[in-house]
Every structure is written in structure tokens, then in C-alpha cells.
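Contents: one structure, followed by commentary.
Chain nomenclature is as follows: A, B, C, D, E, F, G, H, I and J, assigned in order of appearance, with residue numbering initiated at 1 for each chain independently.
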Amino acid sequence: MKKEEMKEAILKAKYDKGLKWDSLAEAAGLSPEFTCSACLGMNHLEKKSADAVATLLDLGEDVSIALQKYPLKTWSQVVPTDPVIYRWYEIVGVYGETIKEIISDKFGDGIMSAIDFSMNIEKQEDPNGDRVVVTLNGKFLPYKSW
Amino acid sequence: MKKEEMKEAILKAKYDKGLKWDSLAEAAGLSPEFTCSACLGMNHLEKKSADAVATLLDLGEDVSIALQKYPLKTWSQVVPTDPVIYRWYEIVGVYGETIKEIISDKFGDGIMSAIDFSMNIEKQEDPNGDRVVVTLNGKFLPYKSW
Amino acid sequence: MKKEEMKEAILKAKYDKGLKWDSLAEAAGLSPEFTCSACLGMNHLEKKSADAVATLLDLGEDVSIALQKYPLKTWSQVVPTDPVIYRWYEIVGVYGETIKEIISDKFGDGIMSAIDFSMNIEKQEDPNGDRVVVTLNGKFLPYKSW
Amino acid sequence: MKKEEMKEAILKAKYDKGLKWDSLAEAAGLSPEFTCSACLGMNHLEKKSADAVATLLDLGEDVSIALQKYPLKTWSQVVPTDPVIYRWYEIVGVYGETIKEIISDKFGDGIMSAIDFSMNIEKQEDPNGDRVVVTLNGKFLPYKSW
Amino acid sequence: MKKEEMKEAILKAKYDKGLKWDSLAEAAGLSPEFTCSACLGMNHLEKKSADAVATLLDLGEDVSIALQKYPLKTWSQVVPTDPVIYRWYEIVGVYGETIKEIISDKFGDGIMSAIDFSMNIEKQEDPNGDRVVVTLNGKFLPYKSW
Amino acid sequence: MKKEEMKEAILKAKYDKGLKWDSLAEAAGLSPEFTCSACLGMNHLEKKSADAVATLLDLGEDVSIALQKYPLKTWSQVVPTDPVIYRWYEIVGVYGETIKEIISDKFGDGIMSAIDFSMNIEKQEDPNGDRVVVTLNGKFLPYKSW
Amino acid sequence: MKKEEMKEAILKAKYDKGLKWDSLAEAAGLSPEFTCSACLGMNHLEKKSADAVATLLDLGEDVSIALQKYPLKTWSQVVPTDPVIYRWYEIVGVYGETIKEIISDKFGDGIMSAIDFSMNIEKQEDPNGDRVVVTLNGKFLPYKSW
Amino acid sequence: MKKEEMKEAILKAKYDKGLKWDSLAEAAGLSPEFTCSACLGMNHLEKKSADAVATLLDLGEDVSIALQKYPLKTWSQVVPTDPVIYRWYEIVGVYGETIKEIISDKFGDGIMSAIDFSMNIEKQEDPNGDRVVVTLNGKFLPYKSW
Amino acid sequence: MKKEEMKEAILKAKYDKGLKWDSLAEAAGLSPEFTCSACLGMNHLEKKSADAVATLLDLGEDVSIALQKYPLKTWSQVVPTDPVIYRWYEIVGVYGETIKEIISDKFGDGIMSAIDFSMNIEKQEDPNGDRVVVTLNGKFLPYKSW
Amino acid sequence: MKKEEMKEAILKAKYDKGLKWDSLAEAAGLSPEFTCSACLGMNHLEKKSADAVATLLDLGEDVSIALQKYPLKTWSQVVPTDPVIYRWYEIVGVYGETIKEIISDKFGDGIMSAIDFSMNIEKQEDPNGDRVVVTLNGKFLPYKSW
């Protein structure tokens, strides 16, 4: 079973059962963000977590195996079009250099890792309209000379 | 004075004076992230903040005026190449659909605004290597039917 | 059933029955523009509206369910080629900066939302050739400093 | 004087004098939207209007002549990046096919002209946040067989 | 039946019967150029013409219906590669500004319509090698101020 | 003098003198279309024609020499944006395969040359709106086997 | 049978029979280069040649018919990636202007035809490593004024 | 002196003196094709050849030095537009796979080098129109396993 | 069997049997890197190696034959997205000119071959985190004049 | 002084003095590869190294300061064209997935860092033609779940 088929099977089962990512994450023993990214084919799960997710969704072993495989991370839209995702692309365009400047100021020359990395998404209730609060946490990797 | 010239003048003066964005932000009465983005030409400042930044840097009124103008936000690289900025593009590619899924679960169909938005970048000290912690806070905007 | 299959099924049934978007909209209790966009897979409908549309078209529950799912909004042509749609792309190219200038003048620095948004298309009869009158209504979102 | 230089000169003079597009339009005897588009180099003005705009801004005859020349309408960003303009690109992507469908329903096979065309932008005050209301009016051009 | 399938069916039947576009055009009561473009899926035919074409080719009603539907005009190659079509792209690149200049001289500021438009292709016999003579006839649409 | 500077000088002189391409063509002893294309830098003129054009415009020998040089034909917009030129790009997209089909029918497998080629643009007066009539004449070049 | 299927069938049969392009060319009565290009779908063969190729490969009449059809020449990679083909793209990039200059010197302003054209590929044995010798022969087409 | 300036200086001097590439090549003691490519900035010359070329053109030592520097070979048009150069791009598109097939047949798996490479362009007189004959000679490089 | 199917079959069998590339390489009598690249469809194997790989994986002769065919090397992402592969693209962007400079210094004007080439990937254990050590070995090919 | 100007100044001085990167590296106390990359504007040097490089080249303090600034790493060619650099792009295309597979086998799921990274380029003398041996050494970064 390919990752793409796995993703479709999981999304369909999740919808049919009326589950949220929180439930799948609880089964996997991981955060909802990471669990979701693995179910979408962008990360892999260890066997125990993969089995738990597949079981919760009444899906077979082939789904669990597909979840355990290391993914080839690809996307086809150089500029994403979905408005949710585009807004993030826009943030990178508008604030990318700002991020680089602030990191340079605080850490020196280097990058924020997208591999040694975690992400958390929360709902912040607000009478003027609820807010999405996303926290990204990535290891600072300094450029090294040699 | 064009925004591009303003940006160069500010970066040069900041470097020559050995200042950090924190100092400019304090002068502007705003966060370092927003102040920096305005100095890079991606946001505008109100007159009082603009004057304070220009004064701190010993730059003229033309810099202050340029800071007050509404910017046309453009970038030329469809896929950014600087490693700091690319990693964020990669995060959007790898985790974009995850972000959409989690927001859908928690809020329903809608987006996280990139306009009614703030960003905070902190250094988290860690014996295994310091970490960059970025918090993005954007208003949830539900799709409306009509 | 995927959105793409749903779209094909709806367009075929609409054609075979000789219905117009007005009729589908009436069934859905929404405007023709929004109803059409949902049937094309670019918005979702609430259950009641989705059921009404499916029923009117003698289509099954799978169509109604597909209409209720939150869409991933994607398009594959960076520059659209169909002449109807290209003309709008051209309007954005020719008048985009004008729109920004007039909004800046009237509202200050900010954008017109494409999310908190509605659109109405009318036929204006004219002896020199009928005219298409489109009204777009989007919430003004001011840039905020922080 | 090239259109690009004309545009810069006009924007600078407008800013320095604290004028709005309404004032320039009144001088030109045209709408603010059309006047603005001509000042940005995307349309031309007749001599009388061009002279009036140049006079109001205390700019020379070369600006008036540049305003009268027929423009070559070009833009360099295939996908616009400024958030105001991108939102319109997004509307074309999300609602382009909807526009085509509704026009087909109401008029038959044909397009809405972007040449025999006018645009009006208004501010609609609203306690929940003011709204931008844009009305586009384009002649319907039917496809003809031969 | 989709336009793409209709196109394949028509091209196959035309080849098997050894017919030329002239014959299909005669059946349709239209020019060969327009008839051909409709059979390739880039225009629609009225019922009478569509039925006549389908009958001549011994194809079913589904082909006739497909011919009557309004097409979504799309092409996938931004720069066409087939040498026949590329030469036209090249003509647009080499002579596009010339066309604009001559039209401006003769008509004023405006465009030649690609909608209110016809095209005729003739063979001109020539002892030095026959020549292709193509006549394009499009309505002049003046830019209007408002 | 580069072709680009030559083009600007000619366009300015032509505008200042209020001349039309017809007059330049008469001086050159060529058609307005070819003369214009050479003045825009997309063809070269023989010395006699080049001198005549430069003389008519009161421009120096450097303009004549620039007109005589063989051009490197380049354009920077893969998809042209000016509406006059785009409509031709659209015609190539919509009718390119039609042109190939009709040529195949009438001539066999081969192309219409864009080199051994001429173009004529006329104004056709019409009470319903004047029309632009463009005639393209290119040698048929058959594919050869070997 | 589509050209793409024809190509696959021919390549498979050629491989299974252990034939070289020389043999197919001998059957076709043409050069290996042209015969190969037709079998890959980039040229057409006359009936006699097409039948001979199909017979040699024990393939049916549908292959012969597919070989006889005029191809639509398309390729999907704007920059080819296969190293053999890329090296030619590189030659065009590195030596394209050189080719233009030398042709201009020897022939005047004009092009080398890619239609009235032949190509021959030979193996030149060399103790320092064999060499590929390719001869391209294209008719010179002078630009004409009119 | 940059390569680009060197190229302009050489082309201007060559034009003013009415020289052909043959003469420059004779001075350099190399072929016209290689000499031309070096003068266009796509190869370098040894000191002796560079001095000879500069002397013949009455250009200074800076031109000779620029000719001797190793070039960074770049071109900006992914798809070339000049008709001479485009025809070669088209040959690569149409015949690229043919070249690969014939080389595979005659040599086995490998490429024709674009580095250990020479090119010769000749004029073949022909009563039906002169022909350009180009011979490319590149070392065969076999893929190696390891 | 196409290369793409071969690749899928091999990857599946390798996963199911829990084998590593080292084992396949040992069977093939080649390095793991080359063997892997052939199994992914980017190189071909000689019959003996191909048979050995197929046998080890309990796959049929069609897999062996597919491994022996000369591949057309294509990839669809102009900028790769998978983080492992992107980092290499980034290295080429950041250090490409450095590589050219150092090679020029040490060898003169020429390139490092990607055909007469081998690659070795090793794991270097390190208490601060293991390291990937990749050695690329390519023949220097000097540019030649002619 | 901008990085681009610094690069030009350094390359010119290095050429005029006939120095190699080895000498600059010795002055900087770093490897030739890193020193070169910093001089090309793709890395920064510490003050001591920057001063030493500037002194060796008889360049001023502005060059040293420019060398010390953190660079914004950008490149403009999505696909590089210089043959030296393209061959590396090709290696990424041909062997990118192989690299990913071998790393997965030896380390598990993760990447090879391009930041915690070093590169060494050596000349390997060989009677069949000298070889370029490049060693890349990057830290393995495992994907982490959270």
C-alpha cells in the first residue's frame, strides 16, 4: 500500500467514525500534529503507534505498515493555493528576512532546524474572534567554518 | 527615498552602531519582530515610531517618511534559497496540510489570518543545543456562506 | 466520493435536467454564486443544503456527503487559460495596484478579505450589448502592529 | 519621460501634497479608479485630463505627455505577492469557474470584457468592521461561430 | 462524454473515413476552421450542426451532446512545442509589439478581439513553394475611460 | 548604439513629429508592418531604408547603423501581458491545433514558415464597430524524410 | 492506437528481437535516424515504410497506421534531464549565439531550418576513446522584408 | 573588464572593421567556431590567441585578459527565443531521444561529451537554396558501474 | 515491465525480506550505491548482476530484464522537495561556484564528470552525533580548443 | 560595501596577484573550500580571518567588514547552467533518491545536514586522466517524533 492510498484510507475512516486528530494522537501516544503529519504521509510512525492508529480506525495491517515506512516528502505546488496553506507561504515571504534577522541577533549566524523540530497548534478563545496560536520549536544550528 | 534605500540605510546604521533589533524596538515602542519587518520594508510605522527609529540611528527625516509609507509587499524568489528562510518554506510544504487539518478539527472550515497576526521569536537555552521558539498568533477567519 | 467526482456528477445531472444554478441555489437556500462554488468543489455546504441539492438532482447520499466536506482549494494553472477566467487574471494584473491604492486612500493600510467575502453576478440589459455586473464584498482587515 | 518615471513623480507629489485619488479624479473629470490606473501607467488620459492632473500636482508638461501616451501593460509577477493583490488572484483561482458557470447560465457562451469595462470601489461602513465593495461592470461578448 | 473523449472519437472517425475538415464543415453549415475548433473541443456547436457532424461520422448522440456543451478552454503547454504551433507563438513574440503599434496608429488605444473573431486559412499555390495564407478578423475594442 | 536605445529614440522622434508608421514605411520603401518591426528591433533594414528612416526622423547615423544590424530576437515575457498581445497568445492557444489540422488537410505534414513570411494589418470599417483584419502569409515547408 | 502506445510496442519488439535501428531503417528504406524518430512518434512514415517496419517487428496493422499519422510533436521537460539529451541542451546554451554569428557571417540574416533538415550520427573510432560525430544539415532560410 | 563588456567591445570592433570570424580565427590560430565562442564569453583563449585577437581589433590588453579568464557559462532564457537558436532547441526536443537511441545502438549506454567536443559550420551551396551543415564531434563517455 | 514498475517491485521485496542495499550489492558484485541507483531505475546492470538481484529478491526474469535496459534518466521536480535531497540541491546552490573555483585552481578550465563517476556513502560514528561522509570521484575533463 | 562588490574585488585582486585559494586559506587559517565560499559571499569569516585575507590581497577594511557580515544566501538560476555546477545538479537528480536510500539503511529516517557540514576537494592523479575527489561530511539529523 502506497502512502497516498494510506492517507485516503485514514481520512475516510476518520471521517466515517467522526474522530478528531486528538483521538488518533492519544492512540499513537504522540501529539496530534505529529500523528496527523504521519497519517498524511509526511512522517513515519513506530510500529506500536502505527498499529494503534490502524486498530482505532479498524484498518488493516497494510495501513500500519504503510505508516511505518520512511516517506519521500514531496509536494507538487511550488506556490500552494489552498488559502490556509497560502497564508503560511505569505508569512514566509513577508517575514522570512525578519526571522533571519532576529535569529542572527539572538544566536549568531545559523538556522532554525526543520528536522529537530516540533509544532503545536492551539485555539485561543477571544471575544473578538478566536485565534490560532502556533508554536514552532526548532534547534538552532550554527554555521561552522572548517 | 524608496523602501529599498531605506532598508539599506537602516541596516548599515544598525551595523555601524552595533545595535540589536531589541534597541530599535524599544525606541519604536513595538516588538522587535514588527519593528524589524518595518525596517526591512514589509510593514509601515506610525510617525512617532518612525521618528524614534530614525533618531536612534542618526538618520534623516527621509528615512522616517519612508518608514511611514504603506509598503507594496513583494519578493522575487518563488522558492526562497537562503537556508533560514527555505527551512520555513519546507515547513509549509511538509506541514501545511497538517496545519489545515488541525485547524479544521478545532475551529471548523476557515483560515488563520496572516494580517490580523503577530509573531514572537525567543531563544530557549538547552544543554543539547539552544532552540528557536517561534509563536505565531493569527485570528481565525471562518469561511462564510451567502 | 472525491470532490472531483462529485463535481462531475453534479454538472452532468444539472445538464441532463436542464437546470440552472438559480434552481440549485433555491434548493440550498443560498445564493447561486456560493452554491455553484460549492458544487464545483471550492466551498462546503451544511448538511441541509447539501441534501437538498443532491435530492433536486436525484443524486445519492455520497454526493451530499462530498458537498459537506471541507475542501482543499487547489487549481493547477498558475495563469488561467479559459478566456472568461483569464480576463479576471488580466484585471488583477492591470488594476491590482489601483485597487491597493484606492483601498489605502479610503481605509488605511490593510486588505480586502477573500474569506469574509461574498460575490454577486447580475445581468444588466443594455441596447449596446448586455453587461455583466459583478459585486464583490469583502471585509476590510487592517494591518496591525504589535 | 517613461511611464515608470511618471508614476514615481505622481506618487511622490500626491504624497507630499497630502492629496487623495478623489482630488486627482475630480481634476481629471473621471472616476478615481480610472484616474489612478492611468497615473500608475496602466491607462492613458486625454490631454485635458492629463494637463489637469499635472497642474494639480505642480508637475511639468512631460508628466502630462507621459499620461497621454498609450501604455504597454506589463507586470512582472506571474503570481502577485502583495497581500491586497494576491487576495484578488486567489478569488480568481477559487471563484473563476463559478464566474464562468453563472455567466454561461445567464448569457450563454461568452466572456465578460476586461476592455469595455469599469470598476468602482466603495467603503461600506459596518459595526463589525468596514467592508470593501467593488463593482465590476464589463460588456458581455458572445462567442460567434463563422 | 467528456470533450477530450469526443475529440478522440471524432479524429479517429474522420481518419477512418478519409474525410477532410471541409466535409465536416459542409455538414455543419459553418467554416472548416470553426468546425474543426469545435471538434477539437475549443468551441461549441448548435444542436443542428452537432447532429450533422455526428451523423456524418456515424457517431452517437453522446458526441453530438458533447459538441454542444460550452467548453472550458485550457491548454497545458505554456510555450507550445509542436513546430506548427510554435511558429505562431514565435510570430506573437516577434511581431506582437508591431501589431500593437499598427493598431494604435490606425484605431487609437484598444485591442483586437479574440472573441468576436474569425479565421480563414487558404492555400496559395506558388511555383516557389505553396504558401499558407491566414486571415484573422477581430473586432476593434477601444479602451474606455470612466 | 544598442537596438533598445535605437527603439526608444525612434519611438520618441515619431511621437514628437506626430508621424505614423505609414510615413516611415513610405520612406523605407517597405510595408508599415515590416518597417515598424525593424524600428522595434525585431528585423534589420538595408542601408538605404535605414538611412531614409533616420533622415525622416532627424536622427543620426548611429540610428541608421543600429537599424542595419542583424537583431538577436528576444522577449522576456513567456506569457505576454499586454492585452493586445495576449489576445494573440490566446488565439495560438485556442486555435493552434486547428491551424495544424487545416494545414495538414490542405498541404500534408509540414509547417507554415515564420521566416519566409509577411503580415498585413488593415482597418475594416463596420457600422457595428470597426474590425482589425490581419493577413499572415507564410511559405509551407513540408517535413522531409531522409 | 496512439503514438505513445505505438512507441512502446515498437521498442519492446525491437528489444525482444534484438534488432538495431539499422535493420528497421533498411526495412523502411530510410536512414536509421529518421526511422527511429518516426518510431518514437516524432515523424510519420509513408505506408510502404510503415508496413515494412511493422512486418519486420511482427506487429499488426494498427502499428503501421499509427506510424503513418502526422504527429503532434510535444515534449514535457522544458529542460531535459537525461544526460545524453541535456548535453545537447547545454550545447544550444553554450554555442547557440556562436551558431547564429557564424551563420550571419556566411549567409546573412536568416536561420537554419529544423524542418527541411536531416541528421546523421556516426561512430568514429579513436584510440583515445571513440567519438560520436553528428552531422546536421538544414536549409538556410533568409529573413525577407516586404 | 567583465566578459560581457569584452563581448560588446569585440562585436563593435568587428563590425566597425568589417571583419568576419574567419579573420579573427586566423589570428587566433583556431577555428572560427571556437574563436567566436570565446569572444562571446563562452570559452577562454590562451594568452597568445587572446593577444592576437585583441591586436587585430585594435583593442587593449584588458580585452586580452578578459579573453583569457575562465568563463562562468550562463544564459538567462530557459527556452531561447531567437529563431536561429530556438530551432536548435526544437531539434533537441524533437530528436533528443533519437540521438540517445542511435548512440545506445552503436556505442552502448553512455553519452556524447559536450566538453571534449568540437563543432564545425559550413555553407553547402545548393541551387534549391544553400544549406547549413553543422558537424558536432564529441567523445563517447560510457557509464561505468562501480 | 517498465523501470517504474521494476522499482516498486524491488522496493517492496526488499522491505518484505528485511534486506539492506549491502546485501543486494553483494549479490550484484557491485557497490551498494551503484546497485541501489540501478534498482531505482537510474542505471542499468549487466545480465549477471541483474539476475543475481532478481534471484535474491525472488522476483522474476522480467525484473532482471528491466534492470538490464538502458534507462532514460528523468526527474520531475526541478527543485527537489524531500529534505534529504533538497539539502544536496542547497549544497549545489551554496557551494557550486566554490567547487568551480577550486577545480579551476587545481586543474585549469574544465569540469568534473558526472558520467565517469563513482560515489561512496559511509557512516562516521561520532559522540556528538554520527556523520554522513560522502565521497564523489569524477574524472576531470578539460575544455579543449579546436 | 555589498557582498557582490566584495566578491568582485577579491576575485580581481586574486587574479592580478596570481594567487590561489590555498594561499588565501592559509592566511585565513581555514580550508580553501570554506575560505573560497566566504570570498564568494556564501559564508562569513571571523574578524581575524577576514583581516588576514584583505591584507594578503591589499584590499581595504571595507572588504574585511563585508567578509564578516552574515550573508543572505541567494542564487538566481533555479537550474544552474555552468557545466561544472550543472553536473552537480545532475548528480542530485540522478543519485538523490539513492543517497536517501543508503542513508535510511545505515542511519534510519533523517537527513545529512548542509549546515553542520564540511567539504574537501582533492586532485587524484591518474594516468587515464586526473580525477576530482570531493568529500562531503555532514551531521546526520534524525527526524524526531513529538
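Everything below uses one rule, namely that contacts are C-beta pairs under 8 Å (C-beta built on N, C-alpha and C of every residue); 3 or more make two chains touch, one makes a residue touch a chain.
Because the structure is predicted, anything quoted here is derived from the model rather than measured.
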Each chain counted as touching chain A and chain D at once
B, C
Between chain D and chain H, how many degrees of rotation does a Cα superposition need? Round to steps of 5.
145
Can you compute the centre-to-centre distance for chain C and chain F, using the mean CA position of each chain? Integer Å is fine.
41
Take the average of all CA coordinates in chain D, do the same for chain G, and state the distance between these two points in whole angstrom.
50
Rounded to the nearest whole Å, what is the centre-to-centre distance of chain C and chain E, using the mean of the C-alpha atoms as each centre?
30
At least two partner chains per residue is the criterion; list those residues in chain D.
33, 72-73, 75, 78-79, 81-83, 90, 93-94, 97, 100, 111, 113-117, 141
State which pairs of chains touch, listing all of them.
A-B, A-C, A-D, A-I, A-J, B-C, B-D, B-I, B-J, C-D, C-E, C-F, D-E, D-F, E-F, E-G, E-H, F-G, F-H, G-H, G-I, G-J, H-I, H-J, I-J
Note: in the complex, chain B contacts chain D through residues 69, 72-75, 78, 114-115
Which residues, counting only chain D, touch chain C once they are in their complex?
20-22, 32-33, 36-37, 40, 42, 73, 75, 78-80, 82-85, 87-103, 105-107, 111-114, 116-117, 119, 121, 123-124, 126, 128-141
Mind listing the chain J positions that touch chain H in their complex?
15, 77, 79, 81-83
Can you list the residues on chain F that touch chain C in the complex?
79, 81, 83, 86, 90, 93-94
State the interface residues of chain D toward chain E in the complex, per the touch definition above.
30-31, 33-34, 38, 43-46, 49, 70, 72, 97, 100, 104, 108-111, 113, 115-118, 141-146
